[in-house]
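Look at the two complexes coming up: chain A is in both, with chain B in one and chain C in the other.
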Partner chain A sequence: MNSPALSVRNLLRLFRNAAEPEAMPVGVRNVSLEIATGEVVGLIGESGCGKTTLGRCIVGLERPDSGEVVVGGTDFTALSGRDRRAFRRNVQVVFQKPETSLNPRMTVARFVGEALANFDVVPRGARRARLEMLAGLVGLNADALERYPHQLSGGERQRVAIMRALASEPQVIVLDEPTSALDVSVQAQVLRTLKALQAEVGTAMLFISHDVAVVRYVASRVLVMYLGVIVEEGPADAVFTAPSHPYTRALLAAAPRLKPSGDEAPPMHGELDLRAARSGECPVRPRCPLAHDRCREAPPMADLGDGHRAACWLADDLNKQSSEPTYREKTAS
Partner chain B sequence: MAMASEIGVAGEPMTAAAKLPASRDSSWRRIYARVFAGDPLGLAGVVILAVLLLVAAFGPLLATHDPILTTPDTLLPPSGAHWFGTDDFGRDVFSRTLVSLRIDFIVASVGVTGAILIGSLIGLVCGYRGGWLDDTLMRFVDIIQSFPLILVAMVLVLAIGPSVGSIVIVTVLINIPLYARVIRGQTLAVKHLDYVDAARCSGATELGIMFRHVLPNTLNPIAIHASLNLAAAVGNVAVLSFLGIGIRPPTPDLGVMVAEGTKFLVQGAWWMSICPGLILCTTIFSLNLLGDALESGLDPRRQDR
Partner chain C sequence: MSDPALFEMRDLTIETVRDGHRRRIVEGMSLSVRHGEIYGLVGESGSGKSISMMASVGLAAASLDITAGDVSFAGRRFAASDRRGLRSNLSHGVSLLFQNAKGALSPFLTTGAQVERVLAGRLPKSTCRREAIELFRVCGLNHADLADKYPHQISGGQAQRVAMACALATEPRLLIADEPTTALDVTTERELLRFLTRLCRERDLAIVLIAHNLSLVAEYCSGLTILHAGQIVERGPLASVFAEPLHPYTRGLIAAVPDVDAPHELEPLAGSVWGGRSDIERCRFSHRCPFAQPDCEAGVPALLPRAGHEVRCILYREDAT
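The block that comes next holds the complex of A and B.
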């Protein structure tokens, strides 16, 4: 892998709950990750696991407590003021909710045009042509440029949001559940557009989602997050066919499929409970069906080869078990 | 482009939308339909207000007599020649009423406009920046609000003398808190929306975000507040003039006319107070009707009526 488009090092951002000082603070704990140019990395995890916070720290909408966000050799977190504003050009974001992702008082052309003007991407005279090019890229008609958000459908609005993110020609785009608020059919269209864009533009993307199927469709590499830490990561094929962390297995087993085999991996106990989690031990322990004494000590990342890693004492065994043909047959959708 | 074929499906709803006229005209018609359809009182308010505004605009042209010319025909009751009768100086009350409408409207609307501008700015800055600036400015707003109107007016009039200008300043000052609070609340709600973050990622400066992305999206409730507030302001100007700390005679003003007329009520010259008083009531009433119609028509929670 040549130098990555994005590299996040030991990113820490915690939110303490003043009402419950005993509970584990939520957020992101010392997460490190790298995304190569042209790579789409999926980040999955349930609500409240810190995936949105991680995304907001990467795009500079949130200041991390510590750690680095390095894009093209520059640490974004070290910049401030004018430099920081100018640097935003390199890291863009697409949000989840189509109803609030666009300014209701601005036409598409003005809203997206701001990025072109602020970063001086193209000379003034060429902006209109660039807007039309961008509209075509995300699958919008040129006449949508003069519309206000209320005149667009949810899918069209998300296309505009993607168009805005592309306008500054970023090196990295963080997509925070860009399709989860859309109808399934529209979701499929937007995902297809994203995939085509990927082939055409080649921007690195971090695709955040709680939808396993969606990540499986777009991402070539996957990160699984639980309570602020990455518990498993690896090539999408490896993670999805041979999940080696109990949490990943439960997450995949919980994903709806057409033909349930009836004996998927054992589910997690209960819901994410911050009061049960203790720092220093494995964060999944209170809910893990395979938890045992050793889990009172946080497990290291076990290397399973080919970039596939899982933070579990049993990772090797689980990996072997998942790789067995019988297990694969049962979980294949 | 390679994607064009894929986009065909997504393009369908768009072409349907393209047939909708996207002009300003349609949005005005939509507002009209939402605010006044099925609301005859609101419509009546608008019609009355329009008539009064026309009168205010063309008052001096419509006046049948010179509003400040004193004549020997004092205290004449309403008749064909003097529709609202004459006052103790023999001046035509109808002509004076027409002329005063203009000054009262101007004072009230300049005052309210000033309050909207300054109040919105304070609310925007407080809501957006927060912190010590918010605390300081909002305490200042609290202090303004805690003074009774009459006290503020009297102090100001003592300081800068009774004039149209001082009434405008009083009107601005006492209405600042309303707009500061409304806009501050709206700003707090808007500033965390995704499009504000998106604009930040688009490289917008803090000022650009405040004035292009936050402020325009906080202004919706202003129309409702402004029309109700204008009614109160017209009343307040009249009250201050009535008390002698506002517009001074001989400048014709509804409040002054009502005040002067009261001295002659016991003699049976009712028209001097009652006629301009009724016009004042009608003005305030029509503004209130408009405000109520806007409130129920534009409030999204009440759209399903």
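The block that comes next holds the complex of A and C.
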């Protein structure tokens, strides 16, 4: 990999729950990751596991307690004031509900035009042409440029949010559940647009979603997060066909399917319970169907080859087991 | 199908004025649910799923005109326009469960008190507490202190279980569940639906599962109806519809669902549910349909039997080649 578009190093951002001082603080614990130019990386995990917090730290909406967010060679977290604001053009974000970021009193052209002007992306005279080019990129009709958000459908509004994110020519875009509020039909349109963008523009993307099927469609690499740590990561094909962490296996098995697979990877016990986790242990232990004595000590990341890694004492065995033809046939048929 | 239906909606039609025009937002909707079955109702948002089911229990908004139809439940029949009569079903065996349980629960009462309040409708006060604890247990709410918490102190999955405990407190025979798991993680979703499936088996509870997610219906339902723009476009036993989906809309919906096991290109559906001409009687999918032809706008196609289920599309007319 040549120098990555985004490199996150040992990012820490923890929240203590005042009501439960005993409980382990939640958030993001020492996460490191890299995304290359043109790469879409998926981030999956249950709600509350820290996905959004990680995304917010990357785009500068949240200050990490420690760690670095390096974009194009510059550590974003070290900047402040004007430099920090100017640097923002390099990292953009798209949220689940476009309503929260669009301005109801601005037409699409003004709203996106504002971003072009703020970051001085193109000379004033070239703005209109750029707007039309951006609209084309996200599959929006040029006449939508003169409309207000309430005159657009949910899918169109999400395209506008993506368009605005693209306007400043960022190196990285974080998309946090960008299609979760959309109908499958509209979701399919937006996902196709994102894929086409990846081919045309090459912006690095972190695609956060709890929907594993959606992530499988858009991402070439996947990170699986649990209670603030990455428990498994690797090329999407490897993680989806040979999941090697009990949590990943449970998460994939739980996804509803048009053709139910009959794959019965053992489910996690109960719900994500922040009170149950103990520091020093494997964070998954309280819910893990395969937990055993050794799990009272946190497992290291096992290297499974080709960048596929999993933090579980049993990762090698699980990897072999799930690469076996029987398991694959079951999940693929 | 000798077993008489527990719930039967026939020919429900709902009209309202929208964009200055009078429109039939639900037309000729019918639905039949047997004892103990989970029946799926599918379609994009705006297609009329929730309004139909709300109307069936007398809870359609006052601005909606219910111009035709009737609903039978457990042997009692009411005209669909008889909102009061239909609402009485809510205390005689029909319960509701919604997507956003946290919003539906009262913020001022502990979860235990909310369930007890519902129980007080049919039980002497002295036994409510005990019964509430039992319901919590049944719904998988095992933490002893959960009953003393307020809705904002619990997780989304727990809130959904509390809402379920409230819904079950009336001992329903039919549960109308409107996107009950849409806001939840897949892990919690699976647990809840497994739990509901078990209730159906053990207590003979029937469920109408309203979902925009076809995969959920594929996993848990025995039959389904697909609605588009207020009309049934296809319906039948699950196995038959999924083995041979016929309507272009059904096929479009299926092609738009990403597959976690075998990723494929997604084929998005063009257009929106209510687009197209409203001044003529036509196939209400014609403005989005890749197979549309002049005949499709000559009238509303009939719902006809084909391949073990029913479909509303001229491609499947008797005389179609």
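Heads up, the rule we're going with is that the second predicted complex is superposed on the first by the 329 of 333 C-alpha atoms of A that agree within 3 Å, B and C clash if a C-alpha of one lies under 4 Å from a C-alpha of the other, contacts with A are read in each partner's own complex, and residues count from 1 in each chain.
The criterion applied here is as follows: a contact is a pair of C-beta atoms (placed from the backbone, for glycine too) under 8 Å apart; a residue touches a chain by one contact, two chains touch by 3 or more.
Quick caveat: nothing in here was measured; it's all calculated off a predicted structure.
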First, second, both or neither for A:R216, with chain B first and chain C second: second
First (chain B), second (chain C), both or neither touched by A:A142: neither
First (chain B), second (chain C), both or neither touched by A:R85: first
Contacts of A:F240 with chain B and chain C, given as first, second, both or neither: second
Which superposed partner A:A129 touches (first chain B, second chain C, both, neither): neither
Partner chain in contact with A:S47 - chain B first, chain C second, else both or neither: second
Partner chain(s) touched by A:L102 [first = chain B, second = chain C, both, neither]: first
Which partner, chain B or chain C, touches more chain A residues: B
Contacts of A:S153 with chain B and chain C, given as first, second, both or neither: both
Chain B versus chain C as contact partner of A:E200, first or second or both or neither: first
Shared chain A surface residues [contacts with chain B and with chain C]: 153, 186, 189, 192
Interfacial residue positions of chain A with respect to chain B in the complex: 59-61, 85-86, 88-89, 91-93, 95-97, 100-106, 111, 114-115, 118-119, 136-137, 139-141, 143-144, 146-148, 151-153, 155-156, 159, 161, 164-165, 167-168, 186, 189, 192-193, 196-197, 200
Contacting residues of chain B [partner chain A, same complex]: 1-4, 6-7, 9-11, 13-15, 17-18, 20, 22, 193-195, 197-205, 208, 212-213, 216-217
Residues of chain C that touch chain A when the two form their complex: 44-45, 155-158, 185-191, 212-216, 218-219, 242, 252-263, 266-269, 272
Touch list for chain A against partner chain C, complex: 46-48, 153, 183-189, 191-192, 210-214, 216-217, 240, 250-252, 254-261, 267-268, 271-272, 331-333
